[in-house]
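Presented below are the structures under discussion, each in the form of structure tokens.
Below, subunit A partners subunit B and then partners subunit C, in two separate complexes.
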Partner chain A sequence: MRTINFTLNGEQVSAHVAEHQSIVEILRDRFDLFGARESCAQGLCGCCTVLVDGTAVSGCLYLAAFANGKSITTVEGLATNGKLTPIQEAFLEVGASQCGFCTPGFVLMAGQLLEAHPDPDDDDIRHYLSGNLCRCAAYPEIIAAVKLAAGRLKAGTT
Partner chain B sequence: MTPFELAEPKTLKEAVALLDADDPTIRPIAGGTALMLMMKAGVFRPSKLVSLSAIKDMSSIETVNGELKVGATTPLAVLERSDVVRKHAGVIIKTLRTLSNIRVRNVATVGGALAHADPHMDLPPVLIALGARVVVQGKSGERAIPVADLFAGYFETVLVKDELISSLIVPAQNGRRAAYLKCTTRAVHDWPALGVAVSVAADGNAIKDASIVVSAATEKPGRLVGAEKAAQGTVDDAGWRRAGEAAAEEAELITDGQGSAAYKKELVRVYVARALRAALGAQ
Partner chain C sequence: MATRTIGSGQVGRSVPRLEGAAKVTGRADYVHNIRLPKMLVGKIFRSTVAHGRIKSLNVSAAKALPGVYRVVTIDDIKTVIPNPFYGPAFHDQPILADGKVHFVGEPVAVVLATDPHIAEEAASLIEVDYEELPAVFDEVEAMTSKAVVHDELKPAGTFPDLKHLKGKKDTNIALDFHLRRGDPNKAFAAADHVFEHTFRSQQVLHVPLEPFVSAAELTETGLTIHTASQSPSFVRIEISRLLGWPENKVRVKVPYLGGGFGAKLYIKLEALVAALTLLVRRPVKISLTMEEQFYTLTKHAATFRIKSAVKNGKITGRDCEVWWNGGAYADIGPRITQKSGFTAPGPYDIDNVSIDSYSLYTNLTPAGALRGFGIPQLVWAYESHTDMMARALRLDPIEFRRNNILRDGRAQATGTQMKDAAVEQVLDRLALRMNWTAPFERGTGPVKKGRGIAVGFKASISPTTSIAIVNVAADGSVTLYCSTVDMGQGSDTANAQFVAEVLNVPAESVKVVHPDTDVTPYDMATLGSRSLYHMGNAVRLAAEDAKAKLSALAREVGVPEGSNVPVAELFQKKYKMQAGNIIGTGSYIPNYVPPDANGLTPEATPFWMVGGTGAEVEVDTETGHVRVTKMISVADVGRPVNPRIVETQLSGAATMQFGFTMQEKIELDGGQITNASFADYKIPSIVDIPRDMQNEAVESEQGTGPFGAKGVGESGTFGVSPAIANAIEDACGVRLTELPLTAEKVYRALREAQGRPLED
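Right, the complex of A and B next:
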């Protein structure tokens, strides 16, 4: 066992973890953050997506011990003062989820996409989201939501 | 996963010292994406993992004497965005864009992609075709191993258990053109049934020399010397198809969840010709 210190959604936290525990286990068991969830357990479905120092990783394949000294962001850390991000608003408005299980991962990966490609074409969107699976197959709505958010973010910055 | 110890050495030397040539339950871990799967499945139950993340000078990309040198713990995503890599061997960038997904590439490392020795991985065949080698650090010093000689079998390398890959070196390509094609069978995991990497020295469409490598369909990635000979001197589709036929005869194919050996034989025949065409940029 060891103590890790890290920034979690902007707050300094620490946790006593076993070496073999993944970050998604710790987020759920110790911090009651349930947005990242382990689904396929193999890094291919995207449901466990979290950001480490601003970069998306599969939380189910990332040892909690490796989070020491880093900054972790989950879907719960995106809204500021209760105000959702433009991407989250767009997902709501378009209805880009049915059961919602995969939505946190899609929202986080959409954020990574729009940071790198503020004006993404269909190929960019598919490339960034190809590692996220939606069992309800809400893909057309998800892509529409990403485009809506991209348009609004762009309009907001110009 | 079963509990294990985790060591976090600060230097390559310390890391090598923590490994044990006679103890296979002690292993290095870099990004860990592949190792985590093996541990979760219970296939690998380590007593100790030696993390390479805290070793500072192992993540770098530079050109040395015309060769591309990549530190072993460089994340695949960093490689994918490197202009140095793009100029040196653009096929690496193209290959990485189809390798797993962005999250895995953000974490998985170059050294891990080689040391893991899963024959379905995308980078090994490409690096063999490019004539790359790895520099390996052991307790008594370092040695260079061509990537073509690194793999001993299914998930097996020629590395001793107390050796670590410290860097990858891709020689100057001197105008050679390369391509990598893979065939996935639309299974949920998306692992390929076949990977084909080729590198050619050619005058227009006339192939002077070809390096042809198959992976995924075989126990380990490797060159097909007979097919390379068949490709030599070819100038058109008929010639590239003959190289494909030769490859299909030569490759030692295995039956697994991605398809039967007979099915993969047909894939090899078609994909080798396609890969040569793609490398040449022919229509």
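Right, the complex of A and C next:
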């Protein structure tokens, strides 16, 4: 067991963790954050996505011990004071969630995509989101939502 | 998709999902999120042989591991549930293996601990000695095999048509359904052409991204089960039967589901967590892993032999023999065998029909409902067969279908008249969207292009009941109580739209209370696209009841008819303060007549679903690789209640079936699944899906549906597999009759056609 100190959605926190525990377990059991969820537990579906120092990782494979000194962002940390991000707004408007279990992972990865490619084409979108699975297959709507968000973000910054 | 609103403008509007914001912020409520005080978690130890008698079970090392609270076997379970067998059609499935195991992965023991890692480690320390028994895996072999899965059959008392099977021995046939109409033999004797083909569909599974999960706790008044279930009312009734308790001592609560697709029906983990909680008097939660989903429920693999008589371009007779691979426990398989079995001849007007449909036990993971309730397996066969006949007769596949299609007013195989089933319209719209009459570019070089269509239909599961309650509070705000489970299909939103339409309020303002059997009334289950129709009718009736009571209240307090006094004022006038409620109730059960000895009935289903698919493909004849470039889904969903959600249901269903068509298959080695993970069992990702996907709901109305609506969750699946196989033959001349349609199969078939077959 060891104690880790890290920033969680902008707040300084600490936790006592075992070596084998993953960050999703800790987020769920110690911090009541359920948005990153374990599904495949093998780094293959993206349901457990969290940002570590701004980069998306599979939380099911990322050991909690590694979070020491880092900054972790979960989907719950995106909206501020109840105001959704443009990506969340777009997912909501387009109807890019069905059961919603995969949605946090897609929202976070879409954020990574738009940081790297503010004006993505279909291939960029498919490439960036290829590691996220959606069994409900809301893929066409997810692509539409990413485009909508990209357009709005661009309009907002120019 | 076009918007067609009515009356108050609530039905027919693309209302955003009520829970959309909760889902995009990660705050939606799932059983996954539940943690109860002093909760133990359970890890299941599973069988490693497909069929065997348990000679000894040694749990001592597991028990001795520090941190283990208890190790539980069937003997412990029997101390709280003496007869621990459950199932919707047969009471054949034990809560844990009882003396025998019937498939690889069957639960044998459970370890309880507060730390899941310790429970898992302990489970790996359990040792079993088996006496292995002969096993059977293939559904056709199971008809005659010497290996018999169950010592005796145990039908549940609920279905009268299964009674004769009670105590039957030496058979793997869980149910055989037969239908005879007209005189098929005569039709075959008189035919110009007779065609016969056999098709196979493989074993696949649902894999919702939220794996099965249930938790139970004891309360002052009984037992509460929190479960990711599509059938809370069934769970309550079945658990109270197992415990010998009244229904009101069992409370079942269901929040949102992270996908269901038919997997999370009836009893899955619920009986186990209930028994464990009663044993240890502490809350218990079991969350399965992705791998364990492969040992819980699959779709039926099936073999379908279909034979048709054709005279003057008309199909005059059809023989259907279908064998359904039900796995080790019946689950709902016998109902699929019958309720879907009777549609095996397809949406065609055929006077002489015979159907023999068999539900079989094998030593595989049990099979159950999966988005289509058996229909995609049937359409795969009859629509491939239809195309092969058209090709052999040198007829255009659409024209051939049009000549034979089942039109409204004509009797389907059961004798039930078709009504509000837009088969022809679906076909017409498909032809139009596929630009069927225009010349088609076939490609040059090794890459060949082709196109295909297919259309299928489905009856609804009947007779089933739904009940709803609408509560109008003193400020006029409205709450709906019903046990329909929103697993992603958008039922909360659609039901809110029905209430809103009747009471003339915005759908967004209606609160929908999630299934909680202490609070929400009975509903058969959320399955088979039945909810929008059955619950929709109940919800509409409940809202109309509330509306009538509001009018009565207005009269009582002296407000003149037709005046626009706000609801809150009516309550204020009566109670002199903000107080009171109006409760509206609605209950719906459609008419149904059970089939006679020949499988015939004038009332087989309250409504028909129709779905068709058009596909364009490119086949690389040097590698066998198939790329589906266009997939068009056209369906009759009655009036679309929420056009946007209808569209996502159509494309979502089509994509799921696309996975079952192109890539998914459970691989087996002596009954052992060798690809039980997303690393090896590949579901469609965003890069796999066709670039061009289109969806259309044809203009139609379901006369008996709520505001003209009917179910939509499955229709997108029906035509996908045969449309793609038909397109492949169109492109490169080879016909595949076994799913999935992999590059290897295409390449082998191409080589075979060239007279240069590959060696195995």
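What we mean here is this: the second predicted complex is superposed on the first by the 158 of 158 C-alpha atoms of A that agree within 3 Å, B and C clash if a C-alpha of one lies under 4 Å from a C-alpha of the other, contacts with A are read in each partner's own complex, and residues count from 1 in each chain.
Heads up, the rule we're going with is that a contact is a pair of C-beta atoms (placed from the backbone, for glycine too) under 8 Å apart; a residue touches a chain by one contact, two chains touch by 3 or more.
Given the structure is predicted, the values throughout are model-derived calculations rather than measurements.
**Student:** Quick one: classify A:E19 as touching subunit B (first), subunit C (second), both or neither.
**Tutor:** First partner only.
**Student:** Would you check which partner chain A:S130 touches, where first means subunit B only, second means subunit C only, and both and neither mean what they say?
**Tutor:** Both: A:S130 reaches subunit B and subunit C.
**Student:** Quick check on the superposed pair: does A:A65 touch subunit B, subunit C, both, or neither? Answer first, second, both or neither.
**Tutor:** First partner only, subunit B.
**Student:** Please work out whether A:Q112 is in contact with subunit B alone, subunit C alone, both, or neither, and reply first, second, both or neither.
**Tutor:** first
**Student:** Looking at subunit A, does subunit B or subunit C touch a larger number of its residues?
**Tutor:** Comparing touch counts on subunit A for subunit B and subunit C gives C.
**Student:** Looking at the overlay, what does A:Q42 touch: subunit B (first), subunit C (second), both, or neither?
**Tutor:** both
**Student:** Could you look at A:V57 and tell me whether it touches subunit B, subunit C, both or neither (first, second, both, neither)?
**Tutor:** First partner only, subunit B.
**Student:** With the touch criterion stated at the top, can you tell me which subunit A residues are shared between the subunit B interface and the subunit C interface?
**Tutor:** 18, 20, 41-42, 44, 127, 130-132
**Student:** Could you please specify the touching residues of subunit C with respect to subunit A in the complex?
**Tutor:** 14, 16-17, 19-28, 30, 32-33, 35, 117, 206-211, 256-261, 289-290, 487-490, 644-645, 648, 651-652, 655-656, 677-679, 683-687, 689, 691, 693
**Student:** For the complex, give me every residue of subunit A touching subunit B.
**Tutor:** Counting only subunit A, the residues touching subunit B are 2, 18-20, 22, 41-44, 46, 49, 55-58, 60-63, 65-66, 109, 112, 127-128, 130-132.
**Student:** Using the touch rule from the top, collect the residues of subunit A that touch subunit C in their complex.
**Tutor:** Residues 18, 20, 28-29, 33-37, 39-42, 44-45, 47, 74-76, 78-79, 84, 88, 91-93, 95, 97-104, 107, 122, 125-127, 129-143 of subunit A touch subunit C in their complex.
**Student:** Mind pulling up the subunit B residues that touch subunit A in the complex?
**Tutor:** 1-6, 32-33, 36-37, 39-40, 49, 51, 53, 77, 97, 100-104, 106-107, 188-190
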